[in-house]
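There are structures below to look over.
Both complexes shown next keep chain A, but they swap its partner, so chain B is in the first and chain C is in the second.
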Partner chain A sequence: CVVSSCFRASEEEQQAQSKKALKKQQKEAEKAAKKAEKQAKLVSVRQETQTLPMAHHCRMEGFLFFYNSCDYKSADRALVRVQDLTPEKAEQQIWVRARIHTSRAKGKQCFLVLRHQQFTVQALLAVGDRASKQMVKFAANLTKESIIDVEAVVKKVEQKIESCSQQDVELHVERIFVISQSEARLPLQLEDAVRPEGEGDEEGRATVNQDTRLDNRVIDLRTTTSQAIFRLQSGVCQLFRDTLINKGFVEIQTPKIISAASEGGANVFTVSYFKTSAYLAQSPQLYKQMCICADFDKVFCVGPVFRAEDSNTHRHLTEFVGLDIEMAFNYHYHEVIDSITDTMVQIFKGLRDRFQTEIQTVNKQYPSEPFKFLEPTLRLEYKEAVAMLRAAGVEMGDEEDLSTPNEKLLGRLVKEKYDTDFFVLDKYPLAVRPFYTMPDPNNAKYSNSYDMFMRGEEILSGAQRVHDAQLLTERAMHHGIDLEKIKAYIDSFRYGAPPHAGGGIGLERVTMLYLGLHNVRQTSMFPRDPKRLTP
Partner chain B sequence: CVVSSCFRASEEEQQAQSKKALKKQQKEAEKAAKKAEKQAKLVSVRQETQTLPMAHHCRMEGFLFFYNSCDYKSADRALVRVQDLTPEKAEQQIWVRARIHTSRAKGKQCFLVLRHQQFTVQALLAVGDRASKQMVKFAANLTKESIIDVEAVVKKVEQKIESCSQQDVELHVERIFVISQSEARLPLQLEDAVRPEGEGDEEGRATVNQDTRLDNRVIDLRTTTSQAIFRLQSGVCQLFRDTLINKGFVEIQTPKIISAASEGGANVFTVSYFKTSAYLAQSPQLYKQMCICADFDKVFCVGPVFRAEDSNTHRHLTEFVGLDIEMAFNYHYHEVIDSITDTMVQIFKGLRDRFQTEIQTVNKQYPSEPFKFLEPTLRLEYKEAVAMLRAAGVEMGDEEDLSTPNEKLLGRLVKEKYDTDFFVLDKYPLAVRPFYTMPDPNNAKYSNSYDMFMRGEEILSGAQRVHDAQLLTERAMHHGIDLEKIKAYIDSFRYGAPPHAGGGIGLERVTMLYLGLHNVRQTSMFPRDPKRLTP
Partner chain C sequence: MPMYKVKPVSPGDIKIDLPTCMYKLPNTHAQGMNCGEHALQNGEVDPALKALEERQDEVLRRLYELKATVDGLAKTVTTPDADLDASTLSRGPTESVFRGTADLDSLLGKDLGALRDIVISANPAHPPLSLLVLHALLCQRYQVLSSVHVHSSVSAVPPPLLSCLGPRHIDSYARQRFQLGFTLIWKDGERVKREQH
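After this line comes the complex of A and B, so read on.
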């Protein structure tokens, strides 16, 4: 056994120890206490905890758990989650594992707020029958963010505890064990990190800027807001896949290291590959299309997408997660649009119905209007959008692409007119789309291509693809593309290819826009941009 | 409308055309026929099809579908899938879209085998009431792998058609439309590509070697075997995630471009990142562990993993898909092993119950024993494995790692003794595991780490991780690792970290070993190895 002796925080357990071991420990404790006293003069009071004898011993008690050794039969002990602490559990004696969110000593009492994920509960230690003076002092000195196990009785409270998620109960603590101790000096304070924007300024209280958050992501991700954002994002992925699997789609895995830059080689990262060099895939499109040519009919993939664009905006990342769809259709590419929009609607409904707790948690810090959508999804033609923008005073040509501000404006106009935050813009001008986009059969200026928007920002770009090698060659030549470089791509269509369409969705943008957030770095756990490669 | 006129293959529809347009088309057809005649002297008979006038026109008819224009109201036409062609549909007039798998003309008849994904059906055209002589000739000349729509009557057959998956019915074809025409010369023949190993040699028939398959993956993926393999693999991913989501896991997305090579920098790909350089992640481990330190408790991710190892074996790829798990536990890392093994068991059961068609399809080409597993999963200690190997005549030290042949042998010994193809090997010698592995509290020579095996090959490597910054520092120093390089990693554990364990599963290996295949390239759609970067 690595840890040869243990020290229990409660009187009862102390007696169980042999007197000899106890004496030895007390000696050590005294020694440590003296050392601590000395150090305390040099460092802040908060930091003392680490060298306090009780903390030291209790920490060793904690160690026992993860070594699972010695005599402590801890595995018999069921742990109750903070979120499950409700009035139904009143008067029950339970064990809870949580972090110390805040700690406040007041005479013979110590108030802790314990936190687990999105949930918090108040815990009280008072000198008396249940806790010794020593133990209350010990608790008061524990560092914030330490993980502890407490044995406690659940008590109903008369007045709601507004500062906690569990407002109707508190814990009366009888024992505390430290599982893992935090350093005293935190790089950011969690209370600051969840303060609503603006509120900090008004009250002169600190908020945490984005770089500090991202530099210390392991702590920033602990905030109730981050916990909620990424649980909801996990839901987006699951809803996306479940919907498509139900529709008969097959999940595929496409390579990220590729031998040739798919679209001419701009904005692509280069990789050293043994004695040669390779690229990181800017999209799985070629591979999705090859799967269509290989008869998988309906495929999707979820994976990283790499863009070496030096764009430092609120919505660009150099690495993001693509939710990609490609689908053979029978007669019209609108079959594919319908599949994609229905998938988005299932995502919106699933989030609304299953992630209300997460949405509410995020709204506390970042208030936003609930996300609105129509069934069936609104589909506008590009022409109509141009007309709406012109009516609103925008000067633009028929075949001109939409600027980002015009997309935003269009989003507002559509919201006013149709009361939806989600719509499809169909039939983009052929000139502004890639060479593999199928031209519109009825008007050579337009194409069978589309974007999808959430709250006025693009989340998907897609099209019917040219599936005929000859037409593809013609279109590539028209765009001045070196045919030699895309030979493998064109050859994929020489052995029979079904008509097909698809699109790629940016996961982080969907989460950001659904929640009404304003920066894609909030919805990427470890964002990558031209200036950020860590953590 | 891009295609201004159409030519129908059936008599009935031909009459619907204006005589003028018909005349014009006939003229064109004659012209094209003359040209074709000329070319036919130069090229093979098979290739003629492309220039035959009927093919040309029918191809244009096909074009009409994906332009969705002109007068053809095709969208009203429901398509029946090949797999749904059963005796219950006998005497029904239906439409089917499929590829021409084989084609054989015989006097006034033409037999086609139509294929869609894993399924095939025989189709018959005979000169008579239903088809013209011209049409039969046209059908006989269609290239293999072309995609066609046929209108046909489903007919029960008296004798089972052994060569097709749909053995009880055939189609009596009335109309054919070409959706997409294949070039006549295929880089590989699908019949050859599905021939069982060995059978080709015996009968002097061709099989297709692996490089030819992979070079022409878009065709090789069309084989019934490939269709089955990758549908089953999609199932592995879905079962993995569904099981974990049900257990309360959260899906995370981890970055693939990282600033520092996690384990010393060997076997890592370098990426040019704007003005600096970066690396491709060899595993998501650091990020999974950060999520645990950030209170997500139970996380998983599915994504690419990159290894710059110059290993040219049957089981190594330079890019593969990792199914990664990391989980905080309460008292013992066996809680995590139990979660992982239960997840694997759910996958095995799901495959067995939902993918029998796929398993049977693969077995036709690659026969193998059904995959066996126990509930609960067998867990052996490393010591026991060494004892079993020694009893079988292997000489090895207590703290020596298992060689690949010894792993294989162990797999056979375990299968003999316990009748299972899946087991966990627990408590590896500390010396053969990475620095972040938690030592065994009871024996300093061993560690809280484990591998999992399928049919004697490793599919997962995992461990309890050291979650204490101080112990982690000691372990790293003991391994002679430069502390400066792993500072960020160690710092992640300074602000309270729950005890946790995890592991990474190789998706392609799971699929390969479950199906009893012999090369991981068979279960990677577009494999990457030191010598292969394409397609």
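After this line comes the complex of A and C, so read on.
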């Protein structure tokens, strides 16, 4: 059914007339339909999948014809969002489109809770002069998650409705139409998906485990918690971009199909590339640096990162969104650390100030401590961290890398002492860093590299890069890397390269740690890990 | 009146062969109990039993004391840093960890290369002015790396408070060059807290 040609009339009068005529026709049809429907009701409700013929203008109380844009109704019917239903709209007659969250019939009344994203409102359908008994029964039999349009009057309530987000009003429904019906059997119940873990066990009510959620992601994403998480994640991305653009950075796009593995051979995905094969990029490292050598000075990029790590942990994905920064500096790589930490602090401040609703919503299901940070960001040196760990009873060598439990312990010690969940650890030992890390000029055992931690887990690994082709070759040989494979990389530094440094963070991990969640799959919309390729 | 006579079912003098593998218990039904048992049945307490009870009480008491000691230790272990309420420091004689400058020197001598940091949290609404004096004194004697941070619990701090410890040191990028760190955190809290590792 294509766009109706009768609306193409250019003259307003003609348009208005045809609209009026159509309206009148519809009203009459509705009246007739209501009468006819009273007898034929039960039959239509029993059918599970109902598709009415397209040209059927006669609207039964239940099912509207299939909305595939045959009719442009925006002029005469404005839909009000559930979140805008406030006491100011009391006594107004409005149309609302929402999903049925729950429905409960009690004799001559039917209570519906309508939901749109994070907002819910109570709607009441009572037998009276506007609604017949069959209509109430019809509403009670509607399946959960069906999308409906209701015409209702907004009424103020004396007692707050605690279970809904819109606590001061309820809707008194006069007309109800189904836009899209849901199957009766849902793979998971939304109330169960939002229930906190402990509460579920205590009261013997169900919670939904992660695999079920991920298999039915479309429904799981409808929960208030998921909506809040991903809105916040969108905020992280936006704040990242805005802060960096304000600092004069340029956003770049780097290729993801590359000829040689950048970080190390083991964890790359291979793709067939015509007659040969290619790899999926593990990080935009190479290209960020080439942009610096190409005089862009300050660049960042947001894009997917592919790591073929066979790790089934709470914080590893095979595909995630990387937010990467690279910056040329004037005299010392600390200029770059300051820039990156300032960006992170701006992101944290932005989330704290503008996304409190979302943070509270997530905390209802997953309680956690609010995220704390210092401005300017705390920067400790690796040696201090080793001293702190040793004082706490950990035995470790001076040049030993931090294991994950040690990182967590360090996070706790720093939290104890400085009361911050975010800090930088500077001057890592050279032996545990990649070959392109610039060694510390004052101490050959250490390097100009740094890691940043949130809640005791690493979110960023960065360093000053070696920008001299000669030194880079030496370092690569020292690490036993095949020079042929990185020839293009080394060549980019042969024609004048400014000193530069940078780092990259994972969007999902940062969101997870900011909210105090425990599994990165909760903050990835359609996560990919060694065991999951769908949805 | 003569009663109905029943023939005896078993003769009263059967010889029972007692098994030797079981242990013998004294016959409770036999006559002739000794005086001690008789006394017990009257409610008086055997002195041996009383001694046992006292021992048990003693053990329980020691257990409670031990538990209290462990609890106290646990508190100090989880917060290894001296978490002093410095608002009382100004009133009484300082009972700080620094018993003298000699102690501080020896403390700083350990862990070469790792900066020893003193962290002080204060509320910007009530800035502790004595801290500035302390800081100035420390700077006279040692190479102090001072830094000021604003905690996320506070939204804005007036600029003079941010630079109260003086301008940023030229060498502040190399923390290990300093003997002592002095970190001031402006935070939303009731008291001035000092933590030192």
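Just so we're on the same page, the second predicted complex is superposed on the first by the 458 of 535 C-alpha atoms of A that agree within 3 Å, B and C clash if a C-alpha of one lies under 4 Å from a C-alpha of the other, contacts with A are read in each partner's own complex, and residues count from 1 in each chain.
By definition in this document, a residue touches a chain if its C-beta (ideal position, glycine included) is under 8 Å from a C-beta of that chain, and two chains touch if they have at least 3 such contacts.
Being a predicted model, the structure only gives us computed values, none of them experimental.
J.: Check whether A:F371 is in contact with chain B, with chain C, with both or with neither, and answer first, second, both or neither.
T.: It touches chain C, and chain B stays clear.
J.: According to the stated criteria, A:H332 is in contact with first (chain B), second (chain C), both, or neither; which is it?
T.: both
J.: Is A:K485 in contact with chain B, with chain C, with both, or with neither (first, second, both, neither)?
T.: Once the two structures are laid over each other on A, A:K485 reaches no partner at all.
J.: Between chain B and chain C, whom does A:K155 touch in the aligned arrangement: first, second, both, or neither?
T.: neither
J.: Looking only at contacts as defined up top, I'd like to know whether chain B or chain C touches more of chain A.
T.: Per-residue touch count on chain A favours B.
J.: After superposition on the shared chain, which partner residues are touched by A:K415: those of chain B (first), chain C (second), both, or neither?
T.: In the superposition, A:K415 contacts neither chain B nor chain C.
J.: Go through the superposed model and pick first if A:N442 touches only chain B, second if only chain C, both, or neither.
T.: After superposing on A, A:N442 lies in contact with both chain B and chain C.
J.: Between chain B and chain C, which residues of chain A are contacted by each of them?
T.: Residues 332, 442, which sit in both footprints.
J.: Given the complex with chain A, which residues does chain C contribute to the contact?
T.: Against chain A, chain C makes touches at 79-81, 111, 113-115, 117, 119, 121, 147, 149-153, 173-176, 183, 185, 187, 195, 197.
J.: Under the stated contact criterion, what part of chain B meets chain A in this complex?
T.: Residues of chain B touching chain A: 1-3, 63, 65-69, 74-75, 77, 79, 97, 99, 116-117, 145-147, 179-183, 186, 217-222, 226-227, 230-231, 233-234, 237-238, 241, 245, 250-259, 269-274, 276, 278, 280, 287, 290-291, 293-297, 302-304, 306, 308, 310, 318-319, 321, 330-333, 438-439, 441-442, 464, 467-468, 488, 492, 494-499, 507, 524-526, 528, 530, 533-535.
J.: Considering the complex alone, what residue numbers of chain A touch chain C?
T.: Residue list for chain A touching chain C: 332, 334, 348-349, 352, 371-376, 378-381, 383-384, 386-388, 391-392, 416-420, 442.
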